[in-house]
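Given below, in the form of structure tokens, are the structures.
Across the two complexes that follow, subunit A remains constant while its partner is subunit B and subsequently subunit C.
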Partner chain A sequence: MTGWWRKNPWFVRYMVREGSALFLAAYALMLLAGLACLVHGEAAFNAWRAALATPWSVGLHLAAVVIVAYHSITWFQVMPKTAPRLPFDPRRITWAGWAATIAVSVMVVALVAWAR
Partner chain B sequence: MKRSSEPLFWALFGAGGMLSALIGPVLIFITGIAVPLGWLPTSAMSYDAMLALARHPLGALAVLAVISLFLFHACHRLLHSLHDLGCHTGTTARLLFYGAAIAATALAGGLLWFVGF
Partner chain C sequence: MRTEVKAEIPADAARDITHVSATHDSATRNLEIECLRYHPDTDAQPRFQTYTVPFRDDMSVLQGLQYIKDHLDGSLSFRWSCRMAICGSCGQMINGVPQLACHAFLRDYFPGKLRVEPLQHFPIIRDLVIDQTDFLNKLESVKPWLIPKDPQPLSAGAQRQTPQQMDAYYAYSQCINCQLCYAACPQYGLDSSFIGPAALALLHRYNADSRDQGWAARADIANAEDGVWGCTLVGYCTEVCPKGVDPAHAINQNKVNSTLDYVGLGRLLMPKGSAE
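Moving on to the complex of A and B:
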């Protein structure tokens, strides 16, 4: 039973997609730890930020960006399949989702870059 | 017929999936890569800036939504992946996974409440 999905590339991609949940859970818990440090005080919060700047942390976040981006791509690919019959090309939903993600990402980066 | 809790968890899975699809990659990039490496101003994640975010009602709501919905999404997906991997996922596994997401939500809410407005 174990490893059945390795025999078919479609199922390998499926499992990679499901694996994005591990990274999302870890990221949410990491943010929760940051929030706890923030409540604890400035020294604790700065220690949390120092931990974020270690090569291990940056490497793991790099992997997380790639796999969560894959979740993002597949999320909008699947979305039209969950919708009822549509009066337009269902692929438009996928494209709109991808466009929205890119637009939101650019806006958030710009906000962080310019809002001091 | 007993009412199932499945639609509720499925809705939370969907909300978390949507939120993480839209802002997941950029959030991880900013907090985990760009700010730690100094590509974006490190002052953006300073103690004062993050405290101000946590004390702003909308900021607190955003922080709670990200932590809680990401976890509800992830726990639902992991629970169903365990089944795919051949693990038996009964009531205990459900309680454990959804319980973890509920506990983390309560903790985040409590911390945000404690930090004040």
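Moving on to the complex of A and C:
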């Protein structure tokens, strides 16, 4: 089974999907670090914010956005497979997932823009 | 007066195998078919043997293998029966993809090379023939028969089912036990104790049947680590299934049922009661 996932494009896409969890975990740890810095006072928090603004950090964040977006796309695609038999088209679940995501994203961006 | 109309058929059509379609080139085309060979008595390792097979556009990969056996090498061993994708016997790895040999066509691989190997993740008995014992044991373990709550006597007559009740399990009843899904499943390949796509799809087929109340009888298999929880939704099983069974759906919707069972609500919520 060595290198089993490299032999088929389907499995490569599956491994990328599963690998997105690593980026998600790293992001969660980074946010936790920010929370810890906040608790330690203004200087620590400002240092954390400065670290986030470095080119390395921005690059990693962009990569994380792309790969987590891929995770979301594949998540909504497989969601119908986890649901029991539905009295409607399973693709409605996929569309509903996307609609909810876009709605919440718009609200969050609007909130952040208003709070600035 | 009746006018007789005769079709123009070439005088030598019966003997010439290339007179099949108007668009077909009259020269016979050859395809290189590379087959895995293994004989337990003489070979330490599997090896490959290449055959040159003349083919027509309408020939399946199975017919290619049959040509090899009939004309080139009678020792090549493979399973086959119906030639029409209903018996499930002729599953092979065709250029690395699990397919029924009767369901794949030689024309789609020309002019490249065609590699035929036995189904992945199973022990090889000989050449392209695999040992199905593990799958057959798993199939038996899911109790693939109707388990009613109260067995009906014959005098009660036929059981009735609405079209909606049949829809609930029909797709899963189409499984022909061809085991392409086991060859497709990397979880089964990594750990063969996983019950596997087809067996779990059939477990669901019976649980979803209105005539069956056997969830409890099958729960130990479904709820096990190697049951529905062994699946990580790779989804390739559904992709390769020749009958549209969708084992990925069968397994993953039962993760909900299994969870309900775990918290003790499953059997309370069962509308049909239980055959326990």
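In the analysis below, the second predicted complex is superposed on the first by the 114 of 116 C-alpha atoms of A that agree within 3 Å, B and C clash if a C-alpha of one lies under 4 Å from a C-alpha of the other, contacts with A are read in each partner's own complex, and residues count from 1 in each chain.
Criterion: contacts are C-beta pairs under 8 Å (C-beta built on N, C-alpha and C of every residue); 3 or more make two chains touch, one makes a residue touch a chain.
Source: prediction; values computed, not measured.
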item	value
Touched partner set for A:Val108, first subunit B, second subunit C, both or neither	first
Which superposed partner A:Ala100 touches (first subunit B, second subunit C, both, neither)	first
Which superposed partner A:Pro84 touches (first subunit B, second subunit C, both, neither)	second
Which of subunit B and subunit C A:Asn8 touches, first, second, both or neither	second
Touched partner set for A:Leu31, first subunit B, second subunit C, both or neither	first
Subunit A residues touched by each partner, larger count belonging to subunit B or subunit C	B
Common ground on subunit A, meaning residues reached by subunit C in one complex and by subunit B in the other	1, 5, 18
Of subunit B, residues touching subunit A in the complex	16-18, 20-37, 40-41, 43-45, 47, 50-51, 54, 63, 66-67, 70-71, 73-75, 77-78, 80-81, 84-86, 104, 107-108, 111-112, 114-115
Complex contacts: residues of subunit A adjacent to subunit B	1-2, 5, 15, 18-22, 24-25, 27-29, 31-32, 34-36, 38-39, 42, 45-46, 49, 52-53, 57-58, 60-62, 64-65, 68-69, 71-72, 75-76, 97, 100-101, 104-105, 108-109, 112-113, 115-116
Complex contact set, residues of subunit A against subunit C	1, 4-5, 7-8, 10-11, 14, 18, 78, 80-85
Subunit C residues touching subunit A - in the complex, by the definition given at the top	96-97, 167-168, 186, 189-190, 208, 232-236, 238-239, 246, 248-249, 252-253, 255-256
